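A, B, C and D are the chain letters, set down in written order, and residue numbers restart from 1 in every chain.
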Amino acid sequence: MLNFESDYLEGAHEKILRRLIETNMEKLPGYCTDKYCESAKVKIRELCRCPEADIYFLAGGTQTNRTVIDASLRPYEGVIAAPTGHISTHEAGAIEDTGHKVLEIESNDGKIEAVSLIKYLKDFHDDVNHEHMVYPGMVYISHPTEYGTLYSKDELRRLSSVCAEYSIPLYLDGARLGYGLMSEGTDVALPDIAEYCDVFYIGGTKVGALCGEAVVFTKENTPRHFYTIIKQNGALMAKGRLVGIQFDALFSDGLYFAISRNAIEMANILKNILREKGFRFYNDSPTNQIFIVLENEKMKRLQADIGFSFWEKAGEDHTVVRLATSWATSIDDIRALADLLR
Amino acid sequence: MLNFESDYLEGAHEKILRRLIETNMEKLPGYCTDKYCESAKVKIRELCRCPEADIYFLAGGTQTNRTVIDASLRPYEGVIAAPTGHISTHEAGAIEDTGHKVLEIESNDGKIEAVSLIKYLKDFHDDVNHEHMVYPGMVYISHPTEYGTLYSKDELRRLSSVCAEYSIPLYLDGARLGYGLMSEGTDVALPDIAEYCDVFYIGGTKVGALCGEAVVFTKENTPRHFYTIIKQNGALMAKGRLVGIQFDALFSDGLYFAISRNAIEMANILKNILREKGFRFYNDSPTNQIFIVLENEKMKRLQADIGFSFWEKAGEDHTVVRLATSWATSIDDIRALADLLR
Amino acid sequence: MLNFESDYLEGAHEKILRRLIETNMEKLPGYCTDKYCESAKVKIRELCRCPEADIYFLAGGTQTNRTVIDASLRPYEGVIAAPTGHISTHEAGAIEDTGHKVLEIESNDGKIEAVSLIKYLKDFHDDVNHEHMVYPGMVYISHPTEYGTLYSKDELRRLSSVCAEYSIPLYLDGARLGYGLMSEGTDVALPDIAEYCDVFYIGGTKVGALCGEAVVFTKENTPRHFYTIIKQNGALMAKGRLVGIQFDALFSDGLYFAISRNAIEMANILKNILREKGFRFYNDSPTNQIFIVLENEKMKRLQADIGFSFWEKAGEDHTVVRLATSWATSIDDIRALADLLR
Amino acid sequence: MLNFESDYLEGAHEKILRRLIETNMEKLPGYCTDKYCESAKVKIRELCRCPEADIYFLAGGTQTNRTVIDASLRPYEGVIAAPTGHISTHEAGAIEDTGHKVLEIESNDGKIEAVSLIKYLKDFHDDVNHEHMVYPGMVYISHPTEYGTLYSKDELRRLSSVCAEYSIPLYLDGARLGYGLMSEGTDVALPDIAEYCDVFYIGGTKVGALCGEAVVFTKENTPRHFYTIIKQNGALMAKGRLVGIQFDALFSDGLYFAISRNAIEMANILKNILREKGFRFYNDSPTNQIFIVLENEKMKRLQADIGFSFWEKAGEDHTVVRLATSWATSIDDIRALADLLR
């Protein structure tokens, strides 16, 4: 059996494990106040070229989204997102559980366009009944999106400018940020994200860590007592070192970028193989998630040997499935997969 | 100025006021435990032909929706509704404030079809990731809808049967129920609603009362301690008599039906006038809300003399507006309006 | 049977009813935007000597408390209250339902003292673990309290000054404010309340109205989009006129004060009678609520003829009960009661 | 500097780390569906002698408490706890954030007695106003408590029996359960806890793991779709292996019990030293947390060399501090501490 279901199939990159072992018996204070959390923050600030960045470490994506969004919104506000956004569909209603509506707007291949955003915001404020409606209070995007796609620098700049015009923060879910930054065609680097977003998170869980996401507030805009809000959401780790040490390792010697690049390289090779073998792509994803459309019979046959993720139905006879590479995928894995893909 | 903005422009029907005056100095227990609440419940049970109906009185529509829906759902559940449903758009996120997602499904002219509902529910349970998603736990419909349209008995029966198949309750928002029941073409009577819905409410505020909605649980299915949940939602009136007496009056001698019929008769005359004068209807509403499409210049001209509600844009140059008749609309009002409609 | 259970046994004062009748057929806009709401606001601002007061009308006490408190607090904050405070005990957890903790502090006869408040706040901020605790974000007091007692001007001033020092608003629940203002010994008038409190409400339901409470923000401190938050809490009345007209009547020609004074006068006569007859007072309440301690056997005997409220047990053999007078209590009621009290 | 602040100063026990390394490159499914989670569940069921136990793994204590409690309560219910309970004070209002009140009852040294519980429950149901109050829907205890104390088997049995009588579940927070089970005087073993509690959790974070708590439902009473509720609370780990492998290691070859015993042995030696040196104990804690009362001047002197936790003020001149041993404390640590304690 070959496993390409996701980018979180293995444990952690060995350099991360090594650091956990080396530091294991050091006595450190809890709740993310240890020196490794501090060191990781310094490195992230530098890589973002954002000396004023305020950084927090949480354990997972859904808890990060609910904590950041709940802390940022006032009771009468909701968060704008694509209908395919992770918070819209696959977080079991975590945002609504905090009392806020997810305001879905038109999207394309996982992405929101500035022009749709302007229309939504303008229509809202023009509506004579808007005081009886949920105020848009934040914009949520993911990069890469749930469909593996990426924003260009120009697209981010435009979204950012619309948000600024309406005084609502732009929040970027970077669960797979590394894979986005290392994608071949992208012109978006970490400092761009820090520049255009008001808050974002750098995903660890899906990029080589055992767990952990780093939330970055970039505009001296951290919600008051955000630390206590993290605690209230059950997202403050007693052994904060677990995330601090991992992020410190990920951002030492370019590890985060190197292992992300591996996933992209493997994905690119795999895409070529799929193309040559005549597989039909669902979309043009430039990152480590590859979506292909399989005839259902063929899907069943392949399932016997290959692990992939069911994504969505494509009519009665076809299904969209996802193959994901990761920091841990080797060229041998790809070759073995190639042999099975027929 | 002629006012046709809504069906809640006046106070209460005079028979209601009279009963409030007659009973004013009686000393009655609070919190809806008085004899008028009891008497109103008896009458409603009889009219619903549902002797086991369990009935509660609240003050307004949004508080009724949030209280009923929150009480009925478990934390992992959301409520299915049309995107145009009142809870989806015009209740300021009251449902999400209780922690639950509104799950929007395809609708037409304000109505949900059984076939769309089946598809949604089947797709949900077929989705391999559905444990990471919000479970559909209730279906919300309004009757009349926000677009004045009505379900037929057959449509209600089919929705009810889908809900039963998936063991989720069907909830009907009857803010304007009287106008629906008295509509000319309808084959839906109160006992049908009690039969097909697990819970519904009979609107008072928009049908001649100063305030008040009567929630009816029809299947011995009242959520445990619903009374306390009403209190927690701030919806339990200290002077419950205010709603009890009003509903007792509304359901004495057919008052509720008679005054609803007046609104329908006036609306029908008005529709004929509008048709004769060549106005363009937005849809075919059989109830007291009439939606017409006006060229923007004309709309501005008419606004000088006529009060109506802005509903939505219809392209750049046109607007959908609503004219509503009510229990209080007289034939003179309609004639005066006819003179101004040119 | 003589009823002294509460101050909300009857409907409304006849002058209020009369105004409802007189204005009944006027066509007015909904949602508290009508001219009677405006007129009532003007009168309240004047009586408070607070021209900048921002005023909202809601239907009942619990919904007012939950809406004001939820709108005022940030997610990491709770509200300080006496353990006997209405929000602490008798609102079915409405405050917690909005996500906020009620932080109980020491109290005496329903009242919080400035010295206890200082201690609580100082201890909180001194606690090295306070970032893991709920931040005090508001102080809730009731006036009269749930035990009928009153703050003096000096006590209010001191509470206000502590709140100002810690930058947290002081909120006064005035469900029975009229009875407090008209109490014989008080030195607290409406302008004092407006001066010392950041927000308070003037109760209508228990002082002669059918329903309605007037929330007053006194320091240009209304939470942003409070109107939408009212809607979200299900507390925005479609027929806002119902509360607007009632408050306009209550604050015309001193009606609110006159009818409150009646309750106080009747209570004072009743207290003298009770004293003469040797009843034991639970406390020294200067307002319309009278608390007496009855031996259980005697309580049962009296219950046959007199309606009163059970308050709390006082050991195994005694019970504290409450007798309440109101705007509607007549001297004949008191005399009839006196005959039965033996 | 010697560190005795807490029992979570180091990383993980080396056997846990070793298993993480050995399994690191295995490709495992996510979200706690891997074989190590399964294996750990089998072991826990056996040790609890509870074959029907339903087990879930979460990352930390506060998220476990909020998720279990929210899933177990209906909207009108709150959870009974000691005022010193972790959920009452040091979880930043996480329970209230889920909409439920923490109902504090009398406690002693961190413990609730059955007699207080009966009184509370009886008084609640006897109160004629209880429909306006928060229903007690669960009892929360911690074992060891926040003051290091333990329930006896008999005490647990009595609490359990009161809970059964009132049909409310008994929930035990076992953040430090190992230390309780290995305490010298205790007669409570894991199967007793499984027998007397409806749900409890076995703490990993404070007993040798990097993170992780194992929730055990013992009576075929798991709330419906609890898995989805975990996800909604942001507490479902994508790499569930991280907790599964750790618990599998903790419950292999008695590791959990062995390392807990070490903490107890070290604590006992330390207590003897403290006693000999004349330190004043705040209470008689039989577990790994030792509470002593220090004169403030002395506290400041000791702080220069020894890390301990500030617990609470004891009057103006004294402070209660906590020293904690753990799975990682060595006899050398204790000796070094003894030298500094003078």
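Observations
As a convention for this text, a residue touches a chain if its C-beta (ideal position, glycine included) is under 8 Å from a C-beta of that chain, and two chains touch if they have at least 3 such contacts.
Everything numeric in this text was worked out from a predicted model, so none of it was measured.
Under the touch definition stated at the top, chain A and chain B share these contacting partners: C, D. Looking at which positions face the partner, chain A and chain D present mostly the same ones, since more than half of the interface numbers are shared.
With chains reduced to the mean position of their C-alpha atoms, the one farthest from chain A is C.
Chain C and chain D have centres, each the mean of its CA atoms, that are 42 Å apart. For the pair chain A and chain D, the distance between mean C-alpha positions equals 33 Å. One inter-chain figure worth recording: chain A and chain C are separated by 50 Å, centre to centre, where each centre is the mean of the chain's CA atoms.
Contacts with at least two other chains are made by residues 75-76, 91-93, 97, 99, 131-133, 228-229, 231-232 of chain C.
On the chain A side of its complex with chain C, the touching residues are 31, 70-71, 74-76, 99, 131-133, 135, 223-225, 227-229, 231-232. Put simply, chain C touches chain D in their complex at residues 75-76, 78, 89-93, 96-102, 104, 123, 128-129, 131-134, 310, 313. Across the complex, chain D is touched by residues 3, 5-6, 8-12, 14, 17, 20-21, 23-30, 59-67, 91-94, 97, 205-206, 210-211, 228-229, 231-239, 241-242, 307, 328 of chain A.
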